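These notes open a run of structures that come right after.
Shared between the two complexes below is chain A, which pairs with chain B and chain C, respectively.
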Partner chain A sequence: MEQKNWNLLDESLGLHINDDAKPWPLCGRFVLVEDCVDTSAAFVLHHILKRSFSSHPSSAVLFLAFSHPFSHYDRVLRKLGCNLTAQRDNGRFFFLPMLMFQCPGEGKPNHDGLASVFEQIERVITLLHQDKKSISIIIDDISFLEVAANGSSDDVLNLLHYCHTLTSEYGCALIALDHKDIYLNGDRTAVILEMEYRADILVKAEPLATGLAKDVHGQLMVLNKETQHQHGITAIKSYNFHFKIKENGIECFYPGTKIQ
Partner chain B sequence: MATTRARISSFSRNVSTVTSQNPGLKHGPNGTMLISSGIPDLDKILGGGFPLGSLVMVMEDEEAPHHMLLLRNFMSQGLVQKQPLLYASAYRDPKRFLGTLPSPASSKGDKSSDLSHEKDIRIAWQYKKYFVDSQLNLNTNNGGQQDYCNDFDLRKPLDRHYFSGSNVDCVCFKDSPNLSALQDRCAEFLAKLSRNEGNISSAGRIAIQSLCSPQCKYSNDEWHMLSFIRSLKSMTQSSNAVVVVTFPPSLLSPSCSLRLQHMADTLLSVRAIPDEDKELAKLLTGYQDMIGLINIHKAARLNTQVPVILEATTFSIKLQKRRFLVLECLNQAPVDGSSGSSYGTSGGCSGSSKVGTLDF
Partner chain C sequence: MADSICRTLRDGALEGELAPTLTIKDSLASPFAFHVFSHILLQLSSHVIAQKSQSQGIVIVALSRAPSSYAALLNMNGVDVASSKKWIHILDCYTDPLGWKDKTRKSANATDCSPQISVATSSFKTVKDVDKLFSVITELGRGLVGENKARFCVAIDSLSELLRHASLQSVAGLLSDLRSHDQISNIFGLLHSDLHEERAVAVLEYMSSMVASVDPYHSADGQKGCLGDSFSQQNLTKGKFNVRSKRRNGRVRVTCEEFKVESGGITFASVSSVDGTAVAGLLPKVQFNLQLSEKERVDRSNVVLPFEHQGNGKPIQIYDGRRSLEESNSEANPISSGKKEDSAMGEIIYFRDSDDEMPDSDEDPDDDLDI
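== the complex of A and B ==
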């Protein structure tokens, strides 16, 4: 693989590890990205999306978009140097527009809606798996999925569980965005707690405690639960750093080390 | 602000170009089109206005109707530019509300000169350096964009002929058992404005007042309201319209309110200031003229991942001559005994960008 400029986010996610047996380092892992109203972490999804396309020619992405139309992602990723339209035509990018998706209301069996979503996902995954591709499933974002499911957190957790089983069955990567602050006041914490437990890598985006700044847009905390099965120990690596988002990428740096 | 936005990407368009075919629209950054909020200062703060296809949420102060000021100006601006408008509220007769909309100020020339004149007198000498830029901005703003954004005279009602036409639609959602009727009306309205390639003939505005007000029958069903907003947001994203929704966050559960805040492209909150707050009066200059505070929590970022970082997030709402709505940066009053030498501590309006209830 060619030499790239890895930044701290790549290192914390383990994307810089060059392993021929595993062309896409996130394979089989569940990455949960959490943010809050002040600091959006959508850029982490964009970054992973871009890296997955550039990691290996056999990688493919299935994108469940609940929050933005295709044109938004297309423009954002184009500025990052990645042409989604071309990738879609090449069969490497599958975009499922879920903006208008809404589960049937009360009285009717609720699972129909999300079950059909999972069927769509599974169909694409099995298709891609035949081509020996390393697949990522990206969900943007879980809170919209909950609203689409009329607030039924069980259904949402079921869907995520089934998606998670795909990661072991087909070696997919599952990357999901959620808003942490929604759950902080105590009610309905089941969704976030269960997801945090299941996640292999947890990425938390927070604003700086000192407020908004032009040079530092916020801080990321990455918890990478690396499983070391030979000793039965789970080592957790944690990374803390600041970031600045730009149109053509992100700058990551340790606090106080930014060179102007 | 306009300058910071332009600097984000070297490829973004010149922000201040008004399109020739439609005076109510102008090009924004990242291929968006902007319409005016009806308040020139708010446009300036947000970097030009509200981008088409965005959802603007205003968090109300439950004790004061300050959100109505924003909503009225937003609606009036659209009507003056003959843009289609859909207004929904829990009032029994929403059409009557249109009679309370403000009218555009007639003589713009002397108004702006009055305004700057008044400012010159009031500015304390140590704040002069901060005002040079904004003064210039204000002048160019008034000169070049008269058609794009008007000043509204809050004491003069809008002429009837503006809202008697067929492009105005009013919905009362007080007695409806759920929001599906309103959703259908919005869908019908937005279908006429669906975005297709090339030229934009007209931009629509939807104003929804106090969506979650407790007199509505569905107000206990938060998921129903959330899914309404979600579908409204996705419909808007593919149309040439801006939706402004006001909601009282204190009447909702915190998680529901936060979900709504996440859904918003542009998130504002308004707050009244108490009449007799001695501490605040001592702290801020021009306290007696203020009628409230506006907080900009989020500015829309369509088609980009870069957040918009504003110079300041809290502004005071003032009425100029009891007629014109203006937003100003908060100015910290000089502290007794340390006047003159406290430049570092009294940063004034330019350096403040902290998140908090009040920032200086």
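== the complex of A and C ==
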């Protein structure tokens, strides 16, 4: 594998670990990315998407897009040096456009709607699994999924649970983006907490506590929870660092260590 | 206290009493309840294997972890998985809790391709139906230990998940049915307390004879969302372990321990054995010293208190306002003897009017005043 320039985000996600038994380090894990209105964390998804393609020739991605059309991701990833159209033609990138998806309306039970989504996901996964590929499922994003499910957060949690079962069954990685501030209201906090409990890795993007800055676009907190697999149970590790989004990549650095 | 919990669970239920129930609860600030859960599970399984416990089998209701992760957990800790079929059974409510997969597989005629694991497993596809869950659990338990008086224990790996699928009433009903079932030795379950209303947590705590709560440590590490420079990278490994256990007679015992998560698992230590700095660190920083050093403590114990002065050799005399008898005998007439040196030193001579007068009468001298 070529030598890459790992940045702090890669390190905190554990992507820099070179393990032959596990070509894609996020295998079997659930990464929850949380952002807020002030600081979008879509770049984390783009970054993971790019890394998953470059990690191993046999990796594949299933992308559930609720928020943007394919052309959007194609443009963004091209800037990052990754051709999504080519990957799609190679059978390594499966794009499920969900922009227009809507569960059956009021009165009818909604689970059938999301169960059909899961059915689609599972079909793709079983297909890819036969080719012995390490698969990532990326959901962008959960808030739109909830809109599609007519606002039923319980159904969303059920779908996430089912996607989570795929991580242990097929060794998939599950990566999902969500907006934290839409859950700040009273009884809704349980939904985001529930997701945070499930997550193996939690990435939180926040604006700088000290206000806006030209050179720093925000801060990331990565909470990497235990892995119970080969090396026994390890402790929870947390990383805090600042980031700057550039045209063709991101720059991560510990607070106060940025050299111009 | 983790030991005493394990002992209580091992000893199981008395005839005609409810089975001991343990709820392990945690919060996001210290999400280590699963570590405690697996610790207790491993302890119990070693007791079951050694046939030291009342229960002869374990039924794990897996709602939040895959059955394969339990197989891995047992394997990693040196439990003989091959023989495990006799005493452990996993009820898999994780893989397909709502029957979605079942539906698609039936329509596509596909076979179940979930990885084969070495621990006995059966799947459960209607988690919303709690009554059925109860009957399945008891059936599995009976399958393990037989129809006789032998007992088994039930481990529920997420009461929170169960509460999401079913109402609080039905979950409480399930727990109460399990507790009063005469073949169940003990029950333990895991609860994420911040996911539920206080009401729900309280209900489950009422139904448990023991509540173990995993709390964050007070010190600065472990503070989430504190994105200061000094916290750019840290490990979260420690916390407090509070246990509240209720006795039959209603006595409640609360104990506190500390735990540490290491690569080998979780270890518990009593708070006192951890160095006192942790306790001292909790006090606010003040200018004056609130603690005594060892030397100061010794010095203080050597101080002779005022009422102890008289005790050196002589009989203790406490003046009661009256000349004592022997004194009046020996110094029959001090003034007439005219000892110059005595008068030179100055003295106060006082004779009481008569011996009839009560010393220090508490009578009010103004009693006869007519105002």
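One rule holds in what follows: the second predicted complex is superposed on the first by the 253 of 260 C-alpha atoms of A that agree within 3 Å, B and C clash if a C-alpha of one lies under 4 Å from a C-alpha of the other, contacts with A are read in each partner's own complex, and residues count from 1 in each chain.
Here, contacts are C-beta pairs under 8 Å (C-beta built on N, C-alpha and C of every residue); 3 or more make two chains touch, one makes a residue touch a chain.
It should be emphasised that the depicted structure is a prediction, and the values quoted were computed from it without experimental measurement.
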Requested in this report: Considering only the touch criterion stated at the top, classify A:190 as touching first (chain B), second (chain C), both, or neither.
Outcome: second
Requested in this report: Would you check which partner chain A:99 touches, where first means chain B only, second means chain C only, and both and neither mean what they say?
Outcome: first
Query raised in the report: Once the shared chain is lined up, is A:76 touching chain B (first), chain C (second), both, or neither of them?
Result: first
Query - chain B versus chain C as contact partner of A:51, first or second or both or neither - result: neither
Requested in this report: Using the superposition on chain A described above, determine whether A:29 touches chain B (first), chain C (second), both, or neither.
Outcome: neither
Report task. Return first, second, both or neither, reflecting whether A:68 touches chain B, chain C, both chains, or no partner chain. Result -> first
Report task. Based on the superposed arrangement, let me know which partner A:219 touches: chain B (first), chain C (second), both, or neither? Result -> second
Report task. Answer with first, second, both or neither: which of chain B and chain C does A:246 touch in the superposed model? Result -> first
Query raised in the report: What is the shared patch of chain A, the residues that chain B and chain C both contact?
Result: none
Requested in this report: Name, in rising order, each residue of chain A that touches chain C in their complex.
Outcome: 111, 115, 118-119, 122-123, 126, 154, 157-158, 161-162, 165, 168-169, 190, 193-194, 196-198, 204, 206, 209, 219, 221, 223, 225-226, 228-229, 231-241, 254-256
Query raised in the report: Which residues, counting only chain B, touch chain A once they are in their complex?
Result: 4, 8-9, 11, 30-31, 222-223, 226-227, 230-231, 234-235, 237-238, 253-255, 258-259, 261-263, 267, 297-298, 302-307, 309-310, 313, 353-356, 359
Report summary line: Within their complex, chain C touches chain A through residues 28, 31, 35, 38, 64, 66, 68-69, 72-73, 76, 94-98, 100-101, 103-104, 110, 113-115, 160, 164, 192, 194-196, 224-225, 227-229, 231-237, 261-266
Query raised in the report: Which of the residues in chain A end up touching chain B in this complex?
Result: 37-40, 42-43, 46, 68-69, 71-72, 75-76, 79, 99-100, 102, 143-144, 147-148, 150-151, 179, 181-183, 185, 187-188, 207, 210-214, 217, 245-247
